[in-house]
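In what follows, subunit A forms one complex with subunit B and a second complex with subunit C.
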Partner chain A sequence: MMKRRHAASNRFFMALVFLFLYAPIFLLIVFSFNAGESSVVWKGFSLKWYGELFRDRLIMQSVYTTLLVSLLATIISTIAGTFASIGFYSMRRRVREPLMTINSIPMMNADIVTGVSLCLFFVAFFNLWGDFAGWINSIQGLITLPTRLNLGFGTLLLAHISFNIPYVILSVGPKLRQMDRNLVDAAQDLGCTWMQAFWKVILPEIKPGIVSGALIAFTMSVDDFVISYFTAGSATSTLAMQIYSMTKKRISPKINAISTLLFITVLVLLVIVNIRESHQERAALTRQTGKK
Partner chain B sequence: MKNKRSLFAVPYIVWMAFLVVIPIIIMVVYAFTTGATDGSLGAFTLDNFTSMGSYTVVFTRSFKLALIATAVCLLIGYPISYMIAKEGPRFQRVAMVLIMLPMWINFLLRTYSWMSILENNGLLNQIFRSIGLIDLYNSIAIHFAADPSAYQPITYFQMMGTSGAVVLGMVYNYLPFMILPIYSVIVKLDHSLVEAAHDLGANNLCVFRKVIFPLSLPGVLSGITMVFVPSVSTFAISRLLGGGNQMLLGDLIELQFTGGAYNPHLGAAIAMVMMVIVVVCMWVMNHFGEGEEQAVML
Partner chain C sequence: MSKELIRLVNCSMAFDGELVLDNMNLYFNDSEFLTLLGPSGCGKTTTLRIIGGFITPTSGEVLFDGVRMNDIPPHLRQVNTVFQRYALFPHLNVFENVAFGLRIGRTEEKEVNGKKKKVKVRIPQDEIRQRVLEMLEVVSLKGFENRRITELSGGQQQRVAIARALVNRPKVLLLDEPLGALDLRLRKDMQSELKRIQQQMGITFIYVTHDQEEALAMSDTIVVMDQGKIQQIGTPEDIYNEPKNAFVADFIGESNILDGIMHEDYVVEFFNRKFKCLDKGFAPMEPVDVVIRPEDIDIVPMEKGQLRGTVTSVTFKGVHYDTIVDFKGFKWLIQTTDYHPVGETIGIILNPDDIHIMHKSQYSGMFGDYSSYSEEYEEMDDVTMLDEEEEDGPREDGHEE
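For the complex of A and B:
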C-alpha cells in the first residue's frame, strides 16, 4: 500500500516535469495555426503563417545556407575525423594522450570562447593575407590576388568542420579500440594491400561509429548558433542566426511556424531511426537464435 | 607499418594547430594588448583585465544566476533520473526519448517559447487575471501601501526582464543535460550493492546516503559542469528573456564584438577569463570525482 502511494507520487512528479518540458513547445505549435498575430488569443485556424514563412526570402536563404554548411561540414569532418582517429589509435599512448586533450578543447570550452577565438583568428589571418596578396600583386602582373577577404560562408564552414571533427573522433575511437588489431595484420598476411585491408576489414568494423559520428556532427551543425554567430560575418546567415534576429525584434507567428516544421522533422527522423534500430535488434536476435 | 598508419593523423594535427591552438593563442595575445588604429597589434597592457573591475556586477550576476540554475536543475534532475531508472525498461526508453526530444529543437526556439508565456500580456498573466490572482494581489498590496489613495493597481506581474525569467530559461534549456548523465550512472548501478546494504541493516535513507548517492556522483558532477558552463556563458537567453536588463558575461563579450562598444581586446580578455573558469571547473570536478571514486573503491 505504502509502496503504491509512493509510485503514484513519483508518477505525478514525472508528469509535472514532462509538462514543464512540453507545454511551451505545445503552445508554440498550436499558435502557429492561429489566424491572428497574437500568441495568446486564439482567432481561429489558419495556415497563413506557413505561407508567409515560405514567401520570406531571408528565411529560405538561411535554411539553404544551414543545410549546405551542415552537409558539407558533416561529410568533410566525418572523413577527416575517421582518418585522424585511425592515425591516433596507431600511435603510442604517450603521444596520443596530449593530442586527444587538444582534440577535446573545442568540446569542453564554452561555445562563445571557441567562437570568439576563431573570429579573432580569421580576422588576424585576413590581415596577414592582405599584406601578402598586396606584395604578390606588386611584384608581378600575371595574377591579381584579392587583398580583402571577409568573414562569410568559407569561414563558417571551417568553423563548423573544426567543432565537428572532435565528435567524430570521439565516436569512431572506441570502435577502433574494440577492434582486434590482429585482423588487419591477418588480412595483410593473406595478401591484402593496406588499402584493401582498410576497405574490407577496418571500415566494416568501425562503420557504426562513423555513422553515429556523422549523425552527431550533422545535428551539432544544424543546431549551432553561437559559433556561427561569430564566424559567419554579416552577409551570411544560418537559420539559427535568422531566428535570433527575428526574436530580438518582436514575437512573430512565423517563428512558431518554423518551430513546428522543425519539430515535426525531428520527430519523424527520430521515429525512423528508432524503428530501424529495433528492426536491426530483432534481426540480430533472430540471427543469434537461428544459429543456436 | 604501425608508424605509417599514424601518418593519417598528421593532417588533423596540422588542422588542430591552426584552428584550435593558434586561435586560442591569438585570443590570449589580444587580451594582453591594446588596440591599434591600423589593425595591427598594439603594446602589451593589463588594462583589459583591470577595466573588468567596472563590470563586477555582470560577473557576480552571471555566477549567481548560473549557480541557481545549476542547483535547480540538480534538485529536479536527480529525483527524476532516479525515478526513471527505477521504472521498467520500456518506460525508461520512452521517458529518455521524451527527455532528449526537446534537445533536438534549437535552444533559441525553446527560449522563444517562453517569451509568449511570460509576457506582460502573455499566457501566465492571462491565467493569473482570470483566476483573480492579480485582483487578490492588489487588494492585499493596497493595505501595505504607504498612501493607499495613491496606490496604482497592477494589471500584470512583470516577469519578462527579471532574473527569474533568465534562470527559468537556463533551467528549461539545460535540464536534459543534468538528467542524462545522472540517469546513465544510476541505471548502471549494481543493484546487489543496494541489497547488501539493506541486508546489513541500513534503512532507505542510509542506503541512499552511503551507497546510491556516492556511486552516482560522477554523473552528478558531469551534469553540474554540463549545465553550469553553458549557463554562465549564455548570451541569447539573457537577451531574449532578460530583455537587456539582465546582462551576463556572454552579453558583455558579444557587445565587444558586434555591438556599439566595439573592443575585441576587452572581449578577448573576458573570453579568456571565462576559459580559465571553465578549465578550473573541469579540473576541480575531475579531481573531486576521482577522489570519490577511489574512496568508493576502498
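For the complex of A and C:
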C-alpha cells in the first residue's frame, strides 16, 4: 500500500515538473499559430505570423547574422579546439589535469560575467589600439590605420569562438584518450610524417568527437544571448538579441513565431548530439565485447 | 662473417632523471634472430623505441650501417615495428592495414640532373595489391582481406601486425612481446611460425620477451637484461649452460645457487666438501656462486652419495618430479624421473660438468634458494617482479650516498 502511494506521488511530482518545464513553451508554440494578435485568446489557426516574419527585414538580417557567426565560430573553434586537445593529450598528466580544469571553468562561468569581461577586454584593447594607430599614422604617411574600432561582427565572432573552444576540447579529449597511443607511432613507423599520421590515423579515430564538438559549438552559438549582447555592439544583432529588443516594444505574436523556430532548431541539434552519443557508446561497447 | 646492421654505442636513457638504460653497447647482425630478454620494466621496450626512432637516447649513439641515426625520425628509418598490443588501425580493413606503409611511399634522395633532390616514390596500385596479397599468404591470412580488424581473433590480429610491418621489406623487424596476449597453445604455434617467417624473409628480427622459454626456443642470440643493464649476451646454449651471474642463472631455467670457495683451478668447496669442476681462472680462495641445474643432479642410494639429504616435497610435473631435498637446512630443487617419497633420505652425486662457477655479483644471495618453494613461485608474474624492483630501487640509492 505504502509503496504504491509513494509511486503515485512521485509520478505526480514528475508530471508537475514537466508541466512547469514545458507548458510555457507549449503555449508559445500554440500561440505562434494564432490568427489573432492576442497571446491569451485563441482566434483560429494561421501561418500569418510566420509569413510576416519572413517579410521583416530586421529579423531576416538577424537570422543571417546568427547563422553566419555560428557557422564561422563553429568552424574556427572546432579546428582550434581539436589541435588544442592534441596538445593537451601529449602533455604529462600532472600538467594536463590542472589545465583541463582551467579549460572547463569558462563553461561553468555565468554568461554575464563572460560577456561583461569580454566587452571590457575589447574596449580596453580598442583604446590601446587607438593610441597605437594614431602614433603610427603620425610618424608616416604611407598607410593610414583606422584609429576608432567598435564592437561589431568581428568582436561577436571572437567572443563566440572563445566560448565554444572549451566545448570542443571537452568532446575531442576523451576520444584521444580512448585511442591506442601506439597508433601514431605505428603510422610513423610505416613511413608517415607527423602531419600524415594526423590525417590518416588520428583524424579518423577522433572524428566522432570532432563532429559532436562542432554540433555542440553550433548549438551554443545559436542559443547564446547574454555574451552576444555584450560583444556585438549597437549595429549588429543576433536573432536572440532581436527577439529581446522586440519584447521591449509592443509585444507582437511574431515573437512567438520566431521563438518557436529558434526552439525547434536548438531542439533538433540537441537531439542529433544525443543520438550520436548513444550510438557511439553502443559501438564502443560492441567493440570491447567483440574483442574478447 | 655476417654483416653488422645496427649498433648501439654507450646508449643511456633517462626519464625524469631516472636512469632506465645504463650504458648499453650492443650490435645486431644481418639475418639474425636476436632476443632482448628480461623482467618487465628492465628497459626492453625502451631499447626498441630507441632503435625505431620514437625516442632519442639521453647519451650515446645509434648507428645504422655505421651512420649516426640519433636524430633521424621513425618514418625515415629502414626498420618496422610490431607493437606490443598490435596497434592496428581500427578504421581500416585487413587489406588497407597491410597496404598502409606501401600507400605512403617513401621519400628518397635521388640525383636529378646532377642535383640531389627529394623524390617521393609511389608504388603502383597493382604492385601494392600483389605485395599485400603475397604477404597475407605468408602469414596464413589469405581470404581475410576485407575483414574488419575488430572481427579478428588475437592471433589473427597478431598476423596482420606482422604482415603490415613485413610488407615494407624492412632490413630489421622489431617485435615487442608480440605473443604476450595470446594463449599458450597459440603462442607455441606462433613461435615456430615467426621463426619460419624470419628464415623465409632472411631479415633481422629484434625480439623482445620476458618469457625465457620463448627466447631459448627462437633465438640465435639472447641478450639478458636487468635494471637497464645487459647481464649477458650469448647463444641460447651459452646462456643456459654458462650463466654469468646469479640473475641470469635464475632467470633462465631453474637453478640451485649456493655459496662456494674456489680453492684452485678445477676445485671448488661448498658444504665443507671439495668438488671437482671444469672452471678455472679464479683467484685462490675466491668466494664464488655455484650453480647446479636441477636436472643435472643424479640421485643415488644414501650410502653412495657425496651429499645426503631428506626429501621434503614432491610435485609431479608430467615428464619429471620436482623434488625438494633438504641438505643441512639448505633446500635444493632436483628434477628426476624417479619417485622418491617425502621423508626418504637420499644421496646425490655431482659430476664435474654438473657444476658451474660464477663470480660473485650484486645478485649473489638473492636467487637459487628453494626454501620457500611453492607452486606459486613459478607463477609469479611480472607485476610482482616489477613491484619488487621498485621497492629495491630507493634502498640501493641510499647505500650509495
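Going forward, the second predicted complex is superposed on the first by the 241 of 292 C-alpha atoms of A that agree within 3 Å, B and C clash if a C-alpha of one lies under 4 Å from a C-alpha of the other, contacts with A are read in each partner's own complex, and residues count from 1 in each chain.
By definition in this document, a residue touches a chain if its C-beta (ideal position, glycine included) is under 8 Å from a C-beta of that chain, and two chains touch if they have at least 3 such contacts.
For clarity, every value in this text was computed on a predicted model and none was experimentally measured.
Bringing the complexes onto one copy of subunit A puts subunit B beside subunit C with no clash. Judged by the touch definition given at the top, the superposed model places A:Ile255 against subunit B, while subunit C stays out of reach. Within the superposed three-chain model, A:Val113 lies in touch with subunit B and out of touch with subunit C [touch as defined at top].
Contact with subunit B, but none with subunit C, is seen for A:Phe31 once the two complexes are overlaid on the shared chain.
In the superposed model, A:Phe121 lies in contact with subunit B only, and not with subunit C. Touch counts on subunit A: comparing subunit C and subunit B, the chain ahead is B.
In the superposed pair of complexes, A:Ser162 makes contact with subunit B only, with no contact to subunit C. By the document's definition of touching, of the two partners only subunit C reaches A:Thr193; subunit B does not. Between subunit B and subunit C, the minimal CA-CA distance in the chain A superposition rounds to 7 Å.
Annotation: subunit A residues 188 touch subunit B in one complex and subunit C in the other. Put simply, subunit B touches subunit A in their complex at residues 1-13, 15-16, 19-24, 26-27, 30, 39-40, 76, 79-80, 83-84, 86, 95, 97-99, 101-102, 104-117, 119, 121-123, 126, 172, 175, 229-230, 232-233, 235-236, 239-240, 250, 253-254, 257, 264, 267-268, 271, 274-275, 278-279, 282. Contact residues of subunit A toward subunit C in the complex are 180, 182-183, 185-193, 196, 200-201, 204-205, 287, 290-291.
Considering their complex, residues 52, 54, 73-75, 79-81, 83-85, 87-91, 100-101, 104-106, 150-151, 164-165, 168 of subunit C touch subunit A. Touching subunit B in their complex are the following residues of subunit A: 10, 13-14, 17-18, 20-22, 24-25, 27-28, 31, 39-40, 80-81, 83-88, 90-91, 99, 102-103, 105-106, 108-113, 116-121, 123-124, 127, 158-159, 162, 165, 188, 194, 219, 223, 225-226, 229-230, 239-240, 243-244, 247-248, 251, 255, 258-259, 262-263, 266-267, 270, 274.
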